[in-house]
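Next, two complexes with chain A in common: one pairs it with chain B, the other with chain C.
Moving on, here comes the complex of A and B:
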C-alpha cells in the first residue's frame, strides 16, 4: 500500500513539474488561456506575469513535493492544486468548450472538453491517494538522495521546457519576416 | 514491507520514465509523418511578400509577375539530389513558370553548383532563417509554388523528379473554396534588399 501512495505522490509531483516546465516555454500562449478566466480587462503584462507565476508555482510545488517528501503539508497543497485543475477544467468546459487549455504548454493539444474534466478528476483522485499516511522510514532522505532527486526533477523540468519549445516551434509558426 | 528510502527509488524511476516519454513525444512530433505534413504552407495560404536581388542585380519578387513561381529552398547540397535536378530540368522551360533558388544564408557555392548540374538561368537568392521560418521550411530541398496573387498552390519536401512534376500539376489545380485561407496568417513585411 505504501508503494502505491509513494507512486501517487511522485506521479503528481512529476506532472506538476512537467506542466510548469512546459508552460514556461511559451508563457504568452498560456497567458491567452489565463485571460479566458479573468472577466475584467487586464493589461497584457499582468496576464503574462500571472501566467509565469502560475507556471513557476506549479514547478516549485512539484519540486518541493519531490525533494521534501516528509513535509506532509505539501501533499495538501498538491491536492488543493489538483482540485483547482478540476475547477478550471469544469469552468473551461462550461464556458470555453473547444478552446485549447494549454495545460502542458505546447506539449499537448488538449482542449476544454468532458474528457479534460475527467482527466483532472483522475489527477485529483491520485493526489488524494497521496494524502494517505506513509511510514516515515520510506520518506527518509539523506543529503545525497535529496540532491539526486532535485537533479532529476530539474532535468525533467528542462526536458519538458525543451520539448514544449520544439513542438511549439513546429506546430504553430507565427514568424515575422524581417527586412534584410 | 517498505524499505528505508524507497521514495527515492520510486521517484527516480518515475522521473526517468517521464523524461523518456517526453523524448518519445518530441521525437515523434519532429520526425514523423505528422511533422513532415506540417512543413511548408497550406494551399491557398498567402505567402510572404518579398523582393530580393540576385548576384546579377536582377530584382526578383514574390508574388511573381509570371503565373507561377517555384521557390526551391535549397543550396549547393542540391547536387546530392540528382533526381530533383532532373525534375527541375523537366519543368524549367515553361514560360509561365519562374524558378528561383532561395538559400537560407549567403552561399557562394550555390550558383556554381547550379551551373554544374545544368540549371542555368535560375536566380539564386540569399534568404534568411526568418524567411525560411515564414515559409515553415526546416528541411531542404523544399519546393513551394506561388501564384501571381501570392497564394501558395502546392508545397512539399522533394527528393525525386516525379515529386517536382507532380507538385506542378497540383499547382495548376484550382483552389478549393475551403483552401482559401484568410490573409494575415503570417505577419508580413517586405523582406528584401531590392525595391
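Moving on, here comes the complex of A and C:
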C-alpha cells in the first residue's frame, strides 16, 4: 500500500514539475489562457506576470513535494492545486470549450473539453491517494538523497522546458475551434 | 545499505517522466524531419520531360549518352553500392529481368560511386543489368536524386511517368508498366503518389493504363 501512495505522490509531483517547466517556456501563450479566467480588463504585463507566477508556483510545489516527502502539509497543498485544476477545467469546459488549455505549454494540445475535466478529476483523485498516511521510515532521506532528487527534478523541469520550446518552435500555429 | 522506499519509488517515477518526455521530443523530431522530406520531393516531376544524361558504362569503360525519347522506354535506377535498400532494388530488378518482365525496356543502374565500389555489394557484383557511373553532377540535380534508391520510369517519348523510392519487386513491376503507358494517359495519372504507397498496383489507380 505504501508503494501505491508514494507512487501517487511522486507522480503528481513530477506532473507539476513538467507542467511548470513546460509553461515557463512560453509564458505569453499561457498568459492568453489566464486571460480567459480574468473577467476584468488587465494589462498584458500583469497577465504575463500572473502566468509566470502560476508556472513558477507549480514548479516550486512540485520540487518541494518531491524532495521533501516528510513534510505532509505539502500533500494537502498539492491536493488543493489538483482541485483547482478540476475547477479550471470545468470552467473552461463551461465557458471556453474548444480553446487550448495549454496545461503543459506547447507539450500538449489539450483543449477545454469533457475529457479534460475527467483528466483533471483523475489527477485530483491521485493527489487524494497521496494524502494517505505512510510510515515515517519510508520517507527518511539523508541530505545527499535530497540533493540528488532535487537535481533530478530540476533536470526534469529543464527537459520539459526544452522539449516544450522545441515543440512550440517546430509546430505551426493551431487554429482554435470555439464551440458556440 | 538499505534504500528508503520513497527514494526507490521517486527514482522510478522520474525515470518514467524522462521517458515520456523523450518520446515527446522524438515524435516532434520525426514530425520535423517528415516536414523537411515533404518540402523536398525526391525525383523528377511526373509528366515532365526527362533530361539527357551521360554515364560511363562499367562493363567496358566507355562513355554513353542517353537521350530519353528516342523511342525506347527506359527504367532508370539511381542506386549506390553502399546503400542496403539499393541492394534490394538491384535484386528486385534482377529478378524481374530474369522473369522477362522488363523485356522491351532499357534498364540502367546509375551510381555516383566508382567501379571499385561495386565489389562491396554482392547484388551489384552479380547483376547482369547495365550499370554506369554518372559523369555530371547536373544529372543528379536534373533527376532530383537527392537520396537513393530512386526509380524513374520514362516512356518512349521521354516523358517521366513515375519517380519514387522503390525497393520491392511489386514496385519494379509497377514502374515497368508505367514505362509502357500509352501517350494518351500522360500527365493524367499521379503515378508518383501511387508508387509511393508501397505495393500499390498501378492498374488499380489507373484502369485505362495497361501494357501495350
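As a working rule, the second predicted complex is superposed on the first by the 171 of 180 C-alpha atoms of A that agree within 3 Å, B and C clash if a C-alpha of one lies under 4 Å from a C-alpha of the other, contacts with A are read in each partner's own complex, and residues count from 1 in each chain.
What we mean here is this: contacts are C-beta pairs under 8 Å (C-beta built on N, C-alpha and C of every residue); 3 or more make two chains touch, one makes a residue touch a chain.
Because the structure is predicted, anything quoted here is derived from the model rather than measured.
S.K.: Overlay done on chain A, so just call it for chain B and chain C: clash or fit.
M.R.: Verdict on chain A: clash between chain B and chain C.
S.K.: Who wins on chain A residues touched, chain B or chain C?
M.R.: Touching more residues of chain A than the other partner does is B.
S.K.: Return first, second, both or neither, reflecting whether A:141 touches chain B, chain C, both chains, or no partner chain.
M.R.: It touches chain B and chain C both.
S.K.: Going by the contact rule set out at the top, does A:107 touch chain B (first), chain C (second), both, or neither?
M.R.: Both partners, chain B and chain C.
S.K.: For A:153, select first, second, both or neither according to whether it touches chain B, chain C, the two together, or no partner.
M.R.: Once the two structures are laid over each other on A, A:153 reaches both partners.
S.K.: Between chain B and chain C, whom does A:6 touch in the aligned arrangement: first, second, both, or neither?
M.R.: Touch status of A:6: both partners.
S.K.: Looking at chain B, which part out of 40-48, 76-84 or 94-102 clashes with chain C after superposition?
M.R.: The answer is stretch 76-84.
S.K.: If you lay the two complexes on top of each other, which residues of chain A touch chain B in one and chain C in the other?
M.R.: 2-3, 6-7, 10-11, 13-14, 18, 66, 69, 107, 134, 137-141, 145, 149, 152-153, 156, 159-160, 163, 166-167, 170-171.
S.K.: Report the residues of chain A in contact with chain B in the complex, numbered from low to high.
M.R.: Of all residues in chain A, those touching chain B are 2-3, 6-7, 9-11, 13-14, 18, 66, 69, 107, 134-135, 137-142, 145, 148-149, 152-153, 155-156, 159-160, 162-163, 166-167, 170-171, 173-180.
S.K.: Which of the residues in chain A end up touching chain C in this complex?
M.R.: 2-3, 6-7, 10-11, 13-14, 17-18, 66, 69, 107, 134, 137-141, 145, 149, 152-153, 156, 159-160, 163, 166-167, 170-171
S.K.: Going by the contact rule set out above, which residues of chain C touch chain A in the complex?
M.R.: Interface residues on the chain C side: 4-7, 9-11, 13-14, 16-18, 21, 24-25, 28, 31-32.
S.K.: Which residues of chain B touch chain A once you look at their complex with the stated criterion?
M.R.: Interface residues on chain B, with respect to chain A: 2-8, 10-12, 14-16, 18-19, 22-23, 25-26, 29-30, 35, 38, 48, 50, 52, 128, 130-131, 133-134, 136, 138, 186-193.
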